[in-house]
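Next come two complexes, and both contain chain A; in the first it sits with chain B, in the second with chain C.
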Partner chain A sequence: MNRALHAEWTKLRTVAGTGPLLLLAVVLTVAMGAALAATLTCPWGRCAQDSVKLTFSGLPVSQACVALLAVLAVGGEYGTGMIGTTLTAIPRRGRVLAAKAAVVAGLTAVAGTVAVLASALAGRLILPGRGYPALSLADGPTLRAAAGSVLYLALVALLGVGIAMAVRDPAASIAAVLGLLYLFPLLAHMVSDPGWHRVLWSLAPMNAGLAVQTTVNVASLPIPPWAGLGVLAAWSAAALLAGGLLLRARDAS
Partner chain B sequence: MSPAAGFARTLRAEWTKFRTVRGWVLGTVVAALLVPLLAAVSAAGSHASCDRNGVETACPEPPLGPDGRAVHDKFFFVHRTLDGDGSITVRLTSMSGIITYPPPDHDEIVPGLVPWAKAGVIVKASMEPGSSYAAVMATGEHGVRMQHDYTGDVAGRPGGAPRWLRLTRAGETLTGYESADGRQWAEVAAVRLPDLPAEVEIGMFAASPGDLTVKQADLGGLIEQMRFTETTAVFDQVKVEGAAPGAWRHTDVSPTPGTNPGEVHHPGSAVESGGTFTVVGSGDIAPVGTDGGMAVELTLTGILFALVVVVVVAVLFVTAEYRRGLVRVTLAASPRRGRVLAAKALVIGGVVFAAGLAASAVAMPVGKHLLRGNGNHVLPVPALTEVRVIAGVAALLAVSAVLALALGTLFRRSAAAVVTALALILLPHVLATASVLPVELSLWLLRITPAAAFAVQQSIPEYPQVVDFYVPQGGYYPLPPWAGLGVLCCYAALALALAVVRLNRRDA
Partner chain C sequence: MEATIEVTGLRKRFGRTVALDGMTFRVPPGRVTGFVGPNGAGKSTTMRVILGLDAPDEGRALVGGVPYRSLEEPLTRVGALLDAGALQPSRTGRDHLLWLAHSQGLGAARVDEVIGLVGLGGTARRRAGGYSLGMRQRLGIAAALLGDPPVLMLDEPFNGLDPDGIVWIRGLLRSLAAEGRAVLVSSHLMSELEGTAGQLVVAGRGRVVADMGVAELIEAASHDRVTIRTTARSRAMETLAGAGATVAVTGGDTVTASGPPAERVVELLTGGGVPFSEVTAHRATLEEAYMELTRDAVEFRADGAGR
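Take a look at the complex of A and B:
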C-alpha cells in the first residue's frame, strides 16, 4: 500500500496543473470570503447575519478547483493510457483506487486547511470593522464550521475521484461532478412543496455539506450541521464504490 | 471547386462525424429530454392552495388586463356613468396617508405616503376588475402622471397636491391635463383606448400600494413583506361635463375579503360634504410582477441541466478529434482551417438549436398545464412573448454550444474547456440567482458575463411605476432579453475568432 501511495503521490506531484489548481482553490476561498465579509452590514441596526458562514463562503467557488484536480488525477491517466502501466504495476485495483483517493483527498485537506485558516484570519481582521465580533476558532460553532469546511473540500475531492473513475472521460466526469454540486440545489428550488423542498435541499451534496458552516439559526436548517456533512460523505462513498466496482469489472483502456 | 461547394462538403463531413458518434447523439437527446422531464417533476412537486375560514380552496387569481397580463385593480372609486364624450375637472387639495409598521422597529403606524400612492381622476370601461382605463393623478413622490391600461405611464410635472387635474374623453382618445392654479393648463398626455365602450365610469379615485420590505431568508430565499398603506385624498371644485346624470356612487373596487364571511379587510371610504370629497383608498392599479404568480420560464429551469450536457457534447465534438488524431485527416481534407471550424460551429449550433426548440416547446405547455392543475397561478403572457422565451432558450443553448466548441478548440483539453465554459455561462447565473452574493454584484455578473443570456427567458418585464424587488432571484435580469443573448453571442464570436487564429498558427 505504501508503494501505491508513493506512486500516486509522485504522479499527482509531477502533473502540471496540481499546484496551480490548489493555489487557485486557496486564493479563491480566501478572496471570496474576505470580499463578502467586507460587504456585511447590520440592516436596521441588527447584526444578525451569519458572519462565520460568510467568511468561509469562498468554498462554493473553490470546490470547483478541487473537483477538477480530482477528475484530472483520474481522467488524465485514462487520456494518456497511463492507467495501463499503473494497473500492471499494481494489479490490485482496489488498492490503486484507495491510494489515489487518499493522496488526492490528503493533498486537498492540506490546501483546505491553509485556505480555511487564512480565511479565519481574514475574518478576524475584517469582521470587527463591520460591526460583528472578531472570528475566533476557540468558539465551538466557529471551530465546527472551520474543521467542517476542510473536511468538506476533502469529501468533494473524493466525490471527484469516484465519479471520474466511473465515468473515465474527463469532460463528462467534470460536468457530472459540477452538475451534482451546483445544479442539484436548483432541484430544491424547482419544487414549492415545503416537504419536498426540504428533502431535496438536504439531499443536495453542496447544501447539505455546507450546512456544517452554519452558526446562526442552526435549528432552522433542514438538516443538522454534522448530519449534512454526512450526506456529502455518503455521496462520496457511493461515488467511490461505483468507481471501484467499475474499475474492477471493466477493461482498463 | 467553388468555395460554396467546398464549404458544403466540409459541412456534410462534420454532420456525418456528429451523427455517427453514438455518445454525442445520445447526449443531445438526453439534454433535450431533461427539459420537459424536469418541468414535469418541478410542477408535480408544486402545489398551491389557499386557506379560507379554515377550508382549503383554490387561490383567488388576479384579474387580467386588456393585453391579457395579470394586473392589480384595487382602489376606491367615486364615480358616475358617462355616455359618450365628456370630461372631469377637479382640484386635489391634499393627499395624506398612513404606512403601517414600517422598519426598523415595525411597532407603530406612521403618517406618510408611499412613493407610488395615487389619487386623481379616472375614466374606466366598466367596474369589472382588469377593464381598460386612463387616469391622471398625483403621486407620493413621482409627481403628476398619466397612466392607462395598467402598463402605460407618462410623467407630468413634479410635485404633489394641491393640483388641478382634468381628464377629457373624445371617442377612443383620452387626454390628461394638469394645472397649478386652475387657469393655465398643461397637457400631460393623450392616449388611445380601443377597448373603451360608449358608456364608461368617470370619477375620482385613491389607491396606495403596499410598502415592500425584503430580507434574506435562511435557506437562500427572500422574505418579502408587504405592509398595508392607505391614501386619503381631498377633492373639491369637481366639475363633470357631458352626459353624466345622477348622484355619485361609491365603489370599493376589488376589496380584500376579511377573516369572517362578508367582511372586508381595511375597506376604503368616501365622504361628500358641500362639494368636497374625501376619498380613502388602498391597493394599486398596476401590472402584477413575478411575486403575483409563477412566470412561464419557471417551466424551463431544466435548460440549466441540459446546458451542462450540451457543453460536454460540444467540447468533445472538437477535442475528441485531437485525442484520436482525426484532426490531421480533417485538416488535410479541407486545409482552410477557419472553414472547418465554421462548419463544426454550424453543425453543433444547428443540432442543439433544433433539440432545444423541441425540448422547450414541449416543456412549457406541459409544465404550465401541470402547474395550473396543481392550483398554481401561472402568470399569463402574450403568445409572442412565449414564442420569444422558447426560441430564445433554444438559441441560448445553441450559442453556448458554439462557445464551448471554440473553447475546446482553444484549449484542446476537454476538461479545461468544459470547466471554463460552465464557469463562464452557468456559474454566474447560479451564483446570481441563489442569493449568495450581494444584489449589486449579482446584477453586474448578469450584465458582463455570458450568463447575461438568461435574460432571454424573462417573460414579466420590470415596471418603473411599480415598486418591487427587481432581483435575479425574482426572475428579473438587468439587460433586455435580446441584449442579454447578444452578450453571449459576443463571447462566442470572440472565442471563435481566437480559436481560428490559434488553429491557423499551431500545428495540429
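Take a look at the complex of A and C:
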C-alpha cells in the first residue's frame, strides 16, 4: 500500500494541473471570504450576521477547483488510457482506488488548511473594522467552522475521485460532480412544500456539508452542523464504494 | 519464478463479437516468440488478459505459474508494453518512469538506467505530449525493462520506429532472450520478426492457427520447389519428368520442378547432359509462409469479401 501511495503521489505532483488548481482554490477561498467580510454591516447597531460563515464563504466557489483536481486525477487516466499502465503496476484494484483517494484528499486537506487559516487571518484583520469581534479560532463554533471547512474540501475531493472512477469519462465526471454540488440545491428551491424543502436541503451535499460553517442561529438549520458534514461524507463514501465496485467488476478500460 | 507465459483455452466476447475463441499457447524462456496474426485476431486482447486487465469469459492465463493479479511488485516479474500512447501529455517521460518505479519500490537510479538503455537521453526530461511515436515506443520499452523482469511482453513494438530503431529493437529482443527471458512480441507484419523470433504463434479469429519454430514453418511453406534456368527447356522438362518430378514452365528460360531436392535435380540434369545456368531451391520467406497459414483465418480479405 505504501508503494501505491508513493506512486500516486509522484503522479499527482508531476502532472501540470495540480499546482495551479490548488493555488486557485486557496486564492478563491481567501479572496471571496475577505471580499464578503468587508461588506458586513451592523444594521440598527445590531451586529447579528454570521461573520464566521461569511469569512469562509469562498468554499462554494473554490470547491470546483478541488472537484476538478480529483476528477482529473482519475478521469485523466481513462482519457489517456494510462489506467491500463496503472493497473498493470498495481493489479490490486482496491489498492489503486484507496491510494488515489488518500493522496488526492490528503493534498486537498493541506491546501484547504492553508486556505482556511489564511481566511481566518483575513477575518481577524477585517472584521473589527466592520463592528464585529476579531475572528478567533479559540472560539468553539469558529474552530468547528474552520476545521469543518477543511474536511468539507477533502470530502469533495473524495466525492470527485469516486464519481470519476465510476463514470470514467473526464467531461461526464466533471458534469456529474458539479451537477450534484450546484444543481441539487436548486432542486430544493423548486419544491414549495416546507417539509420536503427541508429534506432536500438536508440531502444536498453542498448545503448540508456547509452547515458546518454556521455559527449563528445554529438551531434554525435544517440539519445540525456535524450531521450536515456527515451527509456529505455519506455521499463521498457512496461514490467511492460505487467507483470501487465498478473498478473491480469491469475490464480495465 | 519460472520465466513462462501459459495461456489456456481463453474465450472472450465483446457484445456479439468473439474476440478470443479458445486461445491456447505457451511462451518458453530463452527465445523470442512472435505473436502474429491479422488485425482483430485477438493478440492485444490476449495480452490484456495475461496482464489481468481484461477478464476472460473462460480459460486462464498464468505468468510463471501464477495469475498476474496475484503478483506483488508485478513489474519485476513481467514487463509489458501495450499502448505506447497511453501517457499523460503534461508529464515528462522521466516522471512517468519515476511513478512506475515508485509503485514497485524502485528508485530514481533505476529510472535513469533504463532511460540510458533505450537511448532516450535528454528527451526524457521533456513533456511526453511532444514525443514522436518512436520516442513513445522507446519510453514504453524503458517502462517494460524497468523492473528487470524475466518475462517480457511487447505489443507491436516496431510501430513508429525508424529503420535504426527497428534494428536496435531486434538486437535488444534477441539479447533479452539470450539472457534466458521469455519474450513475447506481437506484430501484424511478419517481416519485422524475420531473423528475431525463434518461435511463432500465429493467431487468427481468436485462436491459434499455428504454433511452431520459424525454421519449421518456412520449411513447410517451401514445398521443395526448385527453379531451373536453362536454354534447353524442353529437354530439361523431359529429363526431370522422367525422374518423377512435377514440372512447370515459369518463364522463357525457367522451369520449376517439385519433388526431388535441388541436389538431385543437378544430378539428373548433369547426367542427361542438359545445360543449365542456375538451379535454385525455392525458399519461402517468413511472410509467404505466414500468408499461406492465415489465408483461411483472415476475417476480411483485401478484396472486401468479408465472411
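Just so we're on the same page, the second predicted complex is superposed on the first by the 253 of 253 C-alpha atoms of A that agree within 3 Å, B and C clash if a C-alpha of one lies under 4 Å from a C-alpha of the other, contacts with A are read in each partner's own complex, and residues count from 1 in each chain.
We take it that a residue touches a chain if its C-beta (ideal position, glycine included) is under 8 Å from a C-beta of that chain, and two chains touch if they have at least 3 such contacts.
Note that the coordinates shown come from a computational prediction; the quantities given were computed from them, not determined experimentally.
Peer 1: Fit or clash for chain B plus chain C once both are placed on chain A?
Peer 2: fit
Peer 1: Just checking: does A:A16 make contact with chain B only, chain C only, both, or neither of them? Give me first, second, both or neither.
Peer 2: Only chain C is touched by A:A16; chain B is not.
Peer 1: Between chain B and chain C, whom does A:H6 touch in the aligned arrangement: first, second, both, or neither?
Peer 2: A:H6 contacts chain C only, not chain B.
Peer 1: In the superposed arrangement, which partner chain does A:A89 touch: chain B (first), chain C (second), both, or neither?
Peer 2: Only chain C is touched by A:A89; chain B is not.
Peer 1: Contact-wise, after the overlay, does A:L221 reach chain B, chain C, both or neither (first, second, both, neither)?
Peer 2: A:L221 contacts chain B only, not chain C.
Peer 1: Which chain, chain B or chain C, is in touch with more residues of chain A?
Peer 2: So, of the two partners, B touches more residues of chain A.
Peer 1: Scan A:G129 for contacts with chain B and chain C and give back first, second, both or neither.
Peer 2: It touches nothing on chain B or chain C.
Peer 1: How far apart, in Å, are the nearest Cα atoms of chain B and chain C after the overlay?
Peer 2: Nearest C-alpha pair, chain B versus chain C: 12 Å apart.
Peer 1: Along chain A, where are the residues that touch chain C in the complex?
Peer 2: Listed in rising order, the residues of chain A that touch chain C are 3-4, 6-11, 14-17, 76-77, 80-82, 84-85, 87-92, 251-253.
Peer 1: Report the residues of chain C in contact with chain A in the complex, numbered from low to high.
Peer 2: 48, 51-55, 68-71, 73-75, 80, 82-83, 85-92, 95, 98-100, 102-105, 143
Peer 1: In their shared complex, at which residues does chain A touch chain B?
Peer 2: 36, 39, 43-46, 49, 57, 60-61, 64, 68, 71-72, 75, 79, 169-175, 178-179, 182-183, 185-187, 189-193, 196-197, 201, 217, 220-222
Peer 1: Inside the complex, what are the residues of chain B that reach chain A?
Peer 2: Residue positions touching the partner: 38, 41-42, 44-48, 103-104, 215-216, 218-219, 298, 301, 304-305, 308-309, 311-312, 315-316, 319, 323, 376, 413-415, 417-419, 422-423, 426-427, 430-431, 434, 436-438.
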